[in-house]
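For reference, the structures are reproduced in the following blocks.
Each of the next two complexes has subunit A plus one more chain, namely subunit B in the first and subunit C in the second.
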Partner chain A sequence: MTTTEPTVSLDQPTVVEAPKVQQSGVPREGIKPKRASVLEVWRSMPLTVKFSTVWLILVFGGAIYAKVDTTIFDGALPLQDPNAQTNGFSAATGEFGDGEPLEKPSADHWLGTDAIARDTFSRIVHGGWVSLIVASVAAGFGVIFGGFLGALVGFVRGRTEAVIMSAIDVILAFPALILLLAMVSIFRVRDLLIISLVIGFLSIPAYTRVARATSLAISQREFVLAARAIGTKPGTILRREVIPNVLPVVLSYAMVAAAFVIVVEGSLSFLGLSVQLPTSTWGNMINLARADIKVDVMQAVYPSLALVITVLSLNQVGDWFQKRASHRASAL
Partner chain B sequence: MLKILGQRLLRLLATLFAVTFLSFFMTSLLPGDPAVAILGEAGVQNEELLNQVREDLGLNDPLPVRYVNWLGNAVQGDLGESYINQGQSVSGTIVQRLPVTAQLAFMAIGLAVLFAVPIGVLGAYRQGRWQDSVSSAGVQVALAVPNFITGIFLIWLFAVKLQWLPASNWNRISDKGIVENLRTAILPATALALTQMAIFSRLVRSDMIATLQENYILSARAKGLKDRYVLFRHALRPSSLSLATIVGINFGALLGGTVIIETLFAIPGLGFRLINAISQRDILVIQGITVSVAVGYVLINTIVDLFYTVLDPRIRRS
Partner chain C sequence: MNKQGLLKLLALLFSMGLIAAACGGSDDGDTGATDTTEAEAEEAATDDTVAEAGTEAEGDNDTEIVPSEGERAYGGSIAVGLEAEAVGLRPWEDTCSSPCYNMMITIYDKLIEQTVDGEYEGWLLESIEPSEDFMSWVGVLRPGVTFHNGTELTAQTIADMFIVQQTGAASAGQISSANLADVQATGDLEVTYTLSQANSAFPAFLARAPIGMVFDPALATEDPDGYANAPVGTGPFVVESRDLDNETVVVRNENYWGTDPEGNQLPFLDQISFRPIPDEGTRLDALLSGTVNAFQTLRQGTIRDARAAVEEGADVTLLEFQGNNTGGGHFNVLVPPFDDKRVRNGLVHLNPQDQVIEALGGTGISLPATQWFSPDSPWYSEKVAEAWPKFDFNRGVELITEYVNDPARSDGKAVGEPISFEQSCPPDPTLIAATQVIIEVYEQTGGLIEAEVTNYDQQTHINYALGAENGFVGEHGAHCWRWSSEDDPSVNLNPALAPPTAEIAELAGIPGVVSPLNFANWFDGESFQAAVGATQTDDFAARYALYETIMLRIAEETPIWYSGHTATAIGTDANILGLNGWHLPSGSIGVGFPNAEGRWAEVWLG
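What follows is the complex of A and B.
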């Protein structure tokens, strides 16, 4: 091992060689471990995490496909219209459709039809879109605002920290869903953007806490002390030493938080307080199907499975990334 | 000890102040004019009357003044009247419905702890063996199932298929006695408990694994105490402290969960009323329930915090 490039071992924390002292500036090039390639990451995943990743790609890829289908191709791609009632009158053919409510799965309708004869498979695929958007917006808000706030207050401490953290504590002093309900009821129009923004805003406190805890630990480290000692400006230290090391932890938290957000949106949909009908979400599909569980419980099972497997997968992948991130942090 | 108590009390007051203000502020943003709601369509024509009602309700005052007035009344138990069901006082509704929600929440917590402790202890004791793998996998799945899904399938199994229990409704203890009450309470409480149980047992397991490596456990084993005795008497006690904390923290999630579960099972608790009020835009009811739930949550967390301090001498000293 005489090469200067540190090799990345995937199961173990990356061992980084001592940074070479440079002529001027902050010695940091040597600290950055080589980024593992996608293939290497895939190989190092345990089987359950691999399955979870595949599922997430399928569900969210399918949701994007469905969205592209309806918005760009006007439903021309092979996927049924999620809102068409298969027993309804069609102007094109001049006849009523031959579909029925609560059909059993068949070649035409892979997962049967719902209470008003719409294709369940298509509705589930389309339903992934709302989950994807809400989870992404929440993660974006959390990482950008929460992550930055947390990294900042953990680094500067003092009065700034006291003020910001007490504001955070007040928001966390509410039961999350109650606060969400109160905020959601402020808006008359419930579209995806508003729901996402409200959930995104409410995600910030938890991220701030996670980022602050990491930032506190990072800010005590010798490389931060070293940067201070050579007179680097605090802003530069925050940007170049603290934030890059807080970010992996926050990003891996985002996965687990996304799972939680999907459940929260599912609950809102279930209560009929999320996006407006007929847009399908897993939550409102479950809510619709529950009226008919005496006749056909399977219509409730399919969207429930979609929701549960997605949440389970996000948890698995998130936990795994969190472990990697903490290994990385301890190897610094 | 007294100093800690004083600090906690001060912080509690500050938090309560902030929480009540935030709920008041938020609900004052709710759309819809209360004066219009009270007068109905006829009143909208009459500008003078409308203004009169607004004045009476204090709606023309600036927000801080309204908050102070409202807080003064709230402390005396007056949260106003429902706009939709006129003559129905908000605090009366809360007092009437709180016991239902509280019973559900406490039953759920009780069930969760009751099952979580043995599962967690077993996982720690048999760490790495099949018992641990099975219970850990179960915990992972349970964590991923939202409570409304659990609720629906409990209804399907026990009310539709087996027909052992009613699918919805609520029998008050005072009306029908404890047995009938429990028959309506057990399914919703179980639906609420499942996620909490998973969280608790995961915590107990990881906590116990750490505790079991302590020297005093080794010495307890060395002097020939039975495993069960060591586990439940020596190892569980320090772990139960962190359990107590997480129970307190998760109480908020549970109160949120009751909203969904009460709606699903048509249970006349606070959560169901809140959802009705939201769909009817009954502002004072939304406000009253939000504030009282938030205040209750803050109080419970403070009590758990204090309890924790009293129980654990290490925290008391530092």
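What follows is the complex of A and C.
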């Protein structure tokens, strides 16, 4: 990767825009930066990151498939109803089913059945949806608001920084899990989107700090100083120079933060305080299975594995992207 | 791949390998599952430690209550794992359930105790006699009893206790339910209880913690907050230390007045350490691993696991008890749509009781309930069992449909719109499973019912039902609950049937008679009159008929629904003896260990 210093001629009028550097440090006008293809990115990944990426695609792809199955195809796609109790009453037949709770894995039930005879595999696949939504909404919220605030205060400094960072510190002082527990207990909130937004709101300080640190560093770089020197408006510098260079760092942090958010949601579910039952989540599956852990430990292990590997994968991929982003930043 | 990447991959695979190895350990668990099923099939009848006694009810595995054999020995200490911590140990103030009771009974004596036959006999009271009209009772205290601080117990102590109890959070309601109006010391050891209404079952109230346990009223008045964690009673043990949420240690009361039938000074143990271990599995494991020497449980799933452990050779004695206490839930009948009998009745018909019990882990352990009395209770009625609405999907749908299509439906919704309500249980996994079994049946009704399932912690759950902030109407809809006990039926039924709000009491012509403990808010004049009538006579046949009338009214009006009777157990190391078959001062054998509440004074290490 080559580093190209932005060139500014003293003869140029002061309204000249600073050169774009977010693409491998190459100015917009001039040699077009070479974007790495998906295949090149894939090849450059270590094996663990490749494995993690595949896992995340499977889990979240499966969750989307499950959601499409229930909302569009009314359960017609080949995946069992996650809430159907195989020993439950059927209005159609007027009889109870002949399934058993805690069945061992079989061709019909790949991971067996839970304490009330529901297909565990299907519940794990559907459970991924809640994790996906919580992680996406919270990360999106954090990236947009936290990322912008951090980039802004790192660039403008002064009173704005003092006021915003004080507010951020106040939010940071909230014990997130306890606040969530209080919210769902007192206000009886069970809506997935609202829970996600609250988790996202509580994530803002972390994103802000990460973005601010990067923004502080970027704001002292030569190309930003040069842009200031030639009189580019601060808003333009922020939009064209700072934010584009802060964004990769914040996005890669978002993956690591998403892992944390999934664990928080899992904790809420485990405590019975997340989305409304019988919606499956990995946390409420673990909670339900612990009552029978001496009889069938696997029913607790399967959702735990899904949670652990997903969190591990997000960390792996997030770390890798963070490393990539820092290489790019140092190459600017 | 570079070396670092290889190491990371190896680490990832290694961690997955560890998880897989942990899963491999489930082979034992799987075997355990088979064993458990087999054990249930055999109903554990072959195991000496799970003796059969409940011959009246098939499937009732109550341990026979008989005194332990062997020579009594002094000394030793044990640790007991409890399902929860007791926030405070003040009988008049702190609401006390099973785990708390295990602690309190070591510190406090009660005025009256229950025998194995369900009769009430004196404990600190040597005798108690009613007036002819049951409007007053005269009790005579045992002489020579002193508190842990050396203060002598006199009749004036009991009279002074009443002043504190009248405003106590736990005792005030009991005083009202017992119709207790005044307590006077009419001699050094003679106490006269004056009632506002006749109560033939009054001694039953003196066998309960809130007004039956004896405390030092002077100390309680002086420092009520301090008393919560430094309680003083006349009981067999003295509190040595109390580290909330960790450990409460009680040590032998050297000056205890009690003896066993052979004249041995009680207690036998030097020390008991009570440790709250809320997680059911962990608590059982603590016993099996030797971390504690005894544990108590009210969960069928845990009893199932404990039975399996005994089958597999664990050196544990399991004392099982299943009595009148029953699980299920109540509807808030002051809130639409539960104010309509068709909805309540329909939902009860949609309750798949056997599947619910299975989800609770109670198959082969917990008997399906149809009333507030278990089949081996003298108050049990076959007629009520027949009358209770059984699972009948079509009938349930028919009743709900009738309500949904009624233009005058009480919830104000348009004709054809589904009924909607909140169905709530504490976040225990077995309760969550049981709720989902019911919800799945609702789903089969073709959109007639929209139930929002919620779980709140135990205290929030209780507060919603109590509804102290909205005139005791409560903020609940369909709410998981438990009812009944081994006490006299009046102890539980009278407060549960009295008017729930001042307005209802006014309308019923009994202003001022209000019970916050009527959690379903169901007031039925006929049932309330029957409950009152049953406290005005001591004739068993007459009382039986009145309680049967109440239970039939409940079966007809269905303000509540049932799952199964609550199976409870205390498990101990096999060398812990004397918990079964303890004695009253008269020599009668005591009630045993109902609701996993042990009496620890006669316990010794064999």
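Throughout what follows, the second predicted complex is superposed on the first by the 289 of 332 C-alpha atoms of A that agree within 3 Å, B and C clash if a C-alpha of one lies under 4 Å from a C-alpha of the other, contacts with A are read in each partner's own complex, and residues count from 1 in each chain.
Convention: contacts are C-beta pairs under 8 Å (C-beta built on N, C-alpha and C of every residue); 3 or more make two chains touch, one makes a residue touch a chain.
Given the structure is predicted, the values throughout are model-derived calculations rather than measurements.
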item	value
Side-by-side fit of subunit B and subunit C on subunit A, or clash	clash
Contacts of A:Ile57 with subunit B and subunit C, given as first, second, both or neither	neither
Contacts of A:Ser267 with subunit B and subunit C, given as first, second, both or neither	first
Subunit B versus subunit C as contact partner of A:Asp169, first or second or both or neither	first
Touched partner set for A:Leu177, first subunit B, second subunit C, both or neither	first
Touched partner set for A:Leu102, first subunit B, second subunit C, both or neither	second
Touching partner for A:Leu225 - first (subunit B), second (subunit C), both, neither	neither
Interface residues of subunit A shared between complexes with subunit B and subunit C	185, 188, 271-273, 290, 293-294, 297, 304, 308-309, 312, 316
In the complex, subunit A residues that touch subunit B	166, 169-171, 173-183, 185-188, 259, 263, 266-267, 270-273, 283, 286, 290, 293-294, 297, 300, 304, 307-309, 311-312, 315-316
Complex contact set, residues of subunit A against subunit C	46-48, 51, 83-85, 87-91, 94, 96, 101-102, 104, 115-116, 185, 188, 190, 271-273, 276-278, 284, 287-298, 301, 304-305, 308-309, 312, 316
Complex contact set, residues of subunit C against subunit A	1-2, 4-6, 8-9, 12, 15-16, 19, 22-23, 25-26, 29-30, 32-33, 36, 279-281, 301, 304-305, 308, 352, 355, 358-359, 361, 393-394, 427-430, 432-433, 435-437, 439-441, 443-446, 452-457, 460
In the complex, subunit B residues that touch subunit A	14-15, 18-19, 22-23, 26-27, 29-31, 140-141, 143-146, 148-149, 152-153, 155-156, 160, 251-253, 255-257, 259-260, 263-264, 274-275, 278-279, 281, 286, 290, 293-294, 297-298, 301
